[in-house]
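In structure tokens below, several structures.
Shared between the two complexes below is chain A, which pairs with chain B and chain C, respectively.
And then the complex of A and B:
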């Protein structure tokens, strides 16, 4: 079972918060999901099945050749920055 | 007394043309944001594409460190929020790292030790951040540079062992040509895990992690400081807090950054944008073939097969090119001990003086071997040999030519020396008499006279012997 405290902890780690009623909705949805997971867990021999992260495995993939290309200009790199100083992106001080 | 337990996490940037998941240039540049692609910035819609060279070099490093390699290339996503990571996650490896359960042999004060390697994985480096009074500046040049992280077992017990491991590890990177491994350029960085335990206890102490130490010297200082700090806490009856600390190289102390309660949950999962790629045995064997004999192996070979001292062997293997030069002279037929002497005393001195690499010098292993043979065959004396080698190095002339041109030759013909000896004895009957009366040190004068007559070319040992024999006869 998933508790409201646990959801609050996750939310805090992901840096957001919600109304109490929203947590309750989320909690009831999680309960359904967990029940479904339980059902899957009951399938015979399931523990011996390797988790599938991709539908197929590539055996003879050609990885990328080590060639330099597609660099952006400095103007393009800094285009989206709110503030720029010394050709670098300027942000509020982040060191602890 | 407490026993120190140290484990290391070492990051090393791989030497490739382009970055690990994008095609922008992998370079150390002082011009900020000059080698950046859309992938490095994590712009919407971009996809990573794995650089084969980075994969090969990571696998090569793993094999050189005796690690087990995986059956496929698989990456994971490590999620965290920080300005050095524009897309909000780092592509790294957790599920199937490039190497697992390896080891590296080190030697501290003549004693061998096996340092266990828990794992080696390939990941992307982050952007670099510089902090100022009220703001931080981001340079994305470093973002996406291929990085391998090596995690050791907690099995080192002193600052010296940790340092020996780092030196040995750097030599593996240099010998395998996977990285320049320069710590002053941030290409090799190190985190230290350190704890103290009761001397005879089996229970590990509380571990403290020291982050981002920027030089090998500082690793040593940070460990020393931390041993002192933790010892003082334990001796006064306190407990060491499990936390992450940083090392300040100005006052040579460590400072608390965060404790375990604040530990970040990275929510790792398999990177969905990169499909797993199976690794065939043939592919892995091709990579394995490129690993040269490493330092540790070469030192042992030089000591057991060639009878060199550990000291000399260690000097010769410091650089792969020097070790190869030395081995080449042996293949050419040089005596290993003599070759080692000539290289360490004359050639390395020359390299240091002019800041050269051994691959820059004019004298080839074959030329050196011939020179050593000339001395061995008494064609020239050992002193003359050194002069010739200096000349050959500075004037870029073949030693054999120098010997010929300067008429530098040692006379080893008995008959020729005898002629000079008889002349000198005939010319100096008083000195011969002095010798006979017990004033034996006058023999030096007689040898000197023979040298004068032969223009310094008579073999001194033979001359001395012959003078004694001839005086006996008189």
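And then the complex of A and C:
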């Protein structure tokens, strides 16, 4: 079984924490998921297959020209920030 | 007279004949949205002011609709049903919303989803659970729960959702309505909050197949803001929807619909669902389809769901790293940037979403990548290659959308059972390969709707719609709303 400490470490790498009881639920959920994952290993010849990352090969993708248009205004960019000062998002001092 | 339970054709006719105005339609939809809100919880936001662009006259002009709350709508609250975005008001429009606005469609409200679209129950939104209009003690399914319920209740004739594993097609089945997800890239994802980018599709709920074709015709086309969007194929899908289907070939996965393969094969609900499926197959044959059962390795079928979980959680973990509460979203308290982010994310995400993120993190750890993440990608290729091979001979895959009716709240599932791994989760094949895929109502078990799913070749959305339309015509469950609602 995956230890609670390991799960706590994964969560903290993702920048959040969970309740103790939630880690316990996660532990039992992981057991099921890892058993499910074991099913994958049982497939014959799996290791010779190239992993797929996209539904089909894209021939049509084309990067548009790097032209500035439809840009957001400063007010729009800052609209959803909870703390703003001097047209910038305010955060605590980084350098003491 | 009421119009919101009618088809798009019927509403269009009434508008064109001046029997009704778009103002009155909006008022009707708005009143229904409010009427059912407490009971079913379809909406995060109900618009009380009508917005309409009258510059273009299209089939959808003046017609109300619902939009899942993970599509950006400039100036309108968009929460993705998550506490971390509970006050977020986008400053730009999703292409889907923009296109619908330009087509004259009228937004009634933003619909509830499983938080960040990461769930299949409709029970994890920050504003509460969504109930099934056919039976309030049951789920409607998710993640596009509110959109499904709004169409099933007859609040709106259509509603937009998104589908990463089955998030449109499964709730459509549980709600007794049509759910369609076109080919990956057919519709721009710009402004749709990303869950798992390689699997995310725009999809929608309607009460008949032709309406789904109308909406696809409006929404499809290349978008320079989504590099994965497909160039327009120049077709009008609604024009070919009634094409002759004689000689079209369908297959079903034998292992998945053989009762003997399931441990709980004495479950009357499963028995009845599979019996009805075979009846539908007979009906397909009667109208000219050739239908055959095909074998696919059960080990591969059993690996579909875990592979989906591995790929989607890994992609979601990365996609949602932007939710820090600093440039937007609910901010946490703290003495440093790190603390602010940590607290924003700890308080902003629900337990289920956090569990999925941790799983994504585990899968992406260096020591697990080979066994978990890369193997999942290998399963994806194997099943997609297999499907493409089968599509050389067959025009489509036909399957029961689910092995039964909508589950009750609190129902327990054995997540290692073949039934769960295969019958309840085979729809992910459509997302793995980007195949167009539609679910249509196919009858009732214990008074609750069941459904069949048709999945076709990539890029052949027109053929899938055509085949579904012809089957729907014979099945006779089109334009239904939940019994007892009216």
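Heads up, the rule we're going with is that the second predicted complex is superposed on the first by the 92 of 96 C-alpha atoms of A that agree within 3 Å, B and C clash if a C-alpha of one lies under 4 Å from a C-alpha of the other, contacts with A are read in each partner's own complex, and residues count from 1 in each chain.
Criterion: a residue touches a chain if its C-beta (ideal position, glycine included) is under 8 Å from a C-beta of that chain, and two chains touch if they have at least 3 such contacts.
Not measured: the values here are computed from a predicted model.
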Practice task
Examine A:7 and indicate which partner it touches, taking first as chain B and second as chain C; both and neither are also allowed.
Solution key: second
Practice task
Look at A:49 in the shared chain and tell me whether it touches chain B only, chain C only, both, or neither; answer first, second, both or neither.
Solution key: second
Practice task
Report for A:66: first if it touches chain B alone, second if chain C alone, otherwise both or neither.
Solution key: first
Practice task
Scan A:74 for contacts with chain B and chain C and give back first, second, both or neither.
Solution key: first
Practice task
Identify the partner contact of A:15: answer first if only chain B is touched, second if only chain C is, both if each is, neither if none is.
Solution key: both
Practice task
Could you tell me if A:57 is touching chain B, chain C, both of them or neither one (first, second, both, neither)?
Solution key: first
Handout entry: chain A residues touched - chain C or chain B, whichever exceeds
Key = C
Practice task
Once the structures are superposed on A, label A:36 by its partner contacts, choosing first (chain B), second (chain C), both or neither.
Solution key: second
Practice task
Figure out whether A:85 sits in contact with chain B (first) or chain C (second), or with both, or with neither.
Solution key: first
Completion exercise
Overlap of the chain B and chain C interfaces on chain A comprises residues 13, 15, 53-54, 56, 58, 61, 63-64, 72, 77, 89, 91-92, 94
Exercise for the section: Quick one: which bits of chain C touch chain A in the complex? Just the residue numbers, please. Expected result: 87-89, 91-92, 184-185, 198-199, 222, 224, 227-228, 230-231, 297, 299-300, 302-303, 305-307, 309-310, 317, 321, 324-331, 334-338, 340-342, 345-346, 349, 351, 354-355, 357-359, 361-362, 365, 371-382, 384, 415-416, 421, 431-435, 458
Completion exercise
As the complex stands, chain A meets chain B at residues 13, 15, 53-54, 56-59, 61, 63-72, 74, 77-78, 85-96
Practice task
Would you mind writing out the residues of chain B in touch with chain A in their complex?
Solution key: 16-18, 22-25, 31-38, 41, 49-55, 72, 74, 81-83, 129-140, 257-258, 265, 270, 272, 275-278, 280
Problem - Residues of chain A that touch chain C when the two form their complex - result: 2, 7, 10-19, 22, 25-26, 29-30, 32-33, 35-37, 39-44, 46-47, 49-56, 58, 60-64, 72, 76-77, 79-83, 89, 91-92, 94
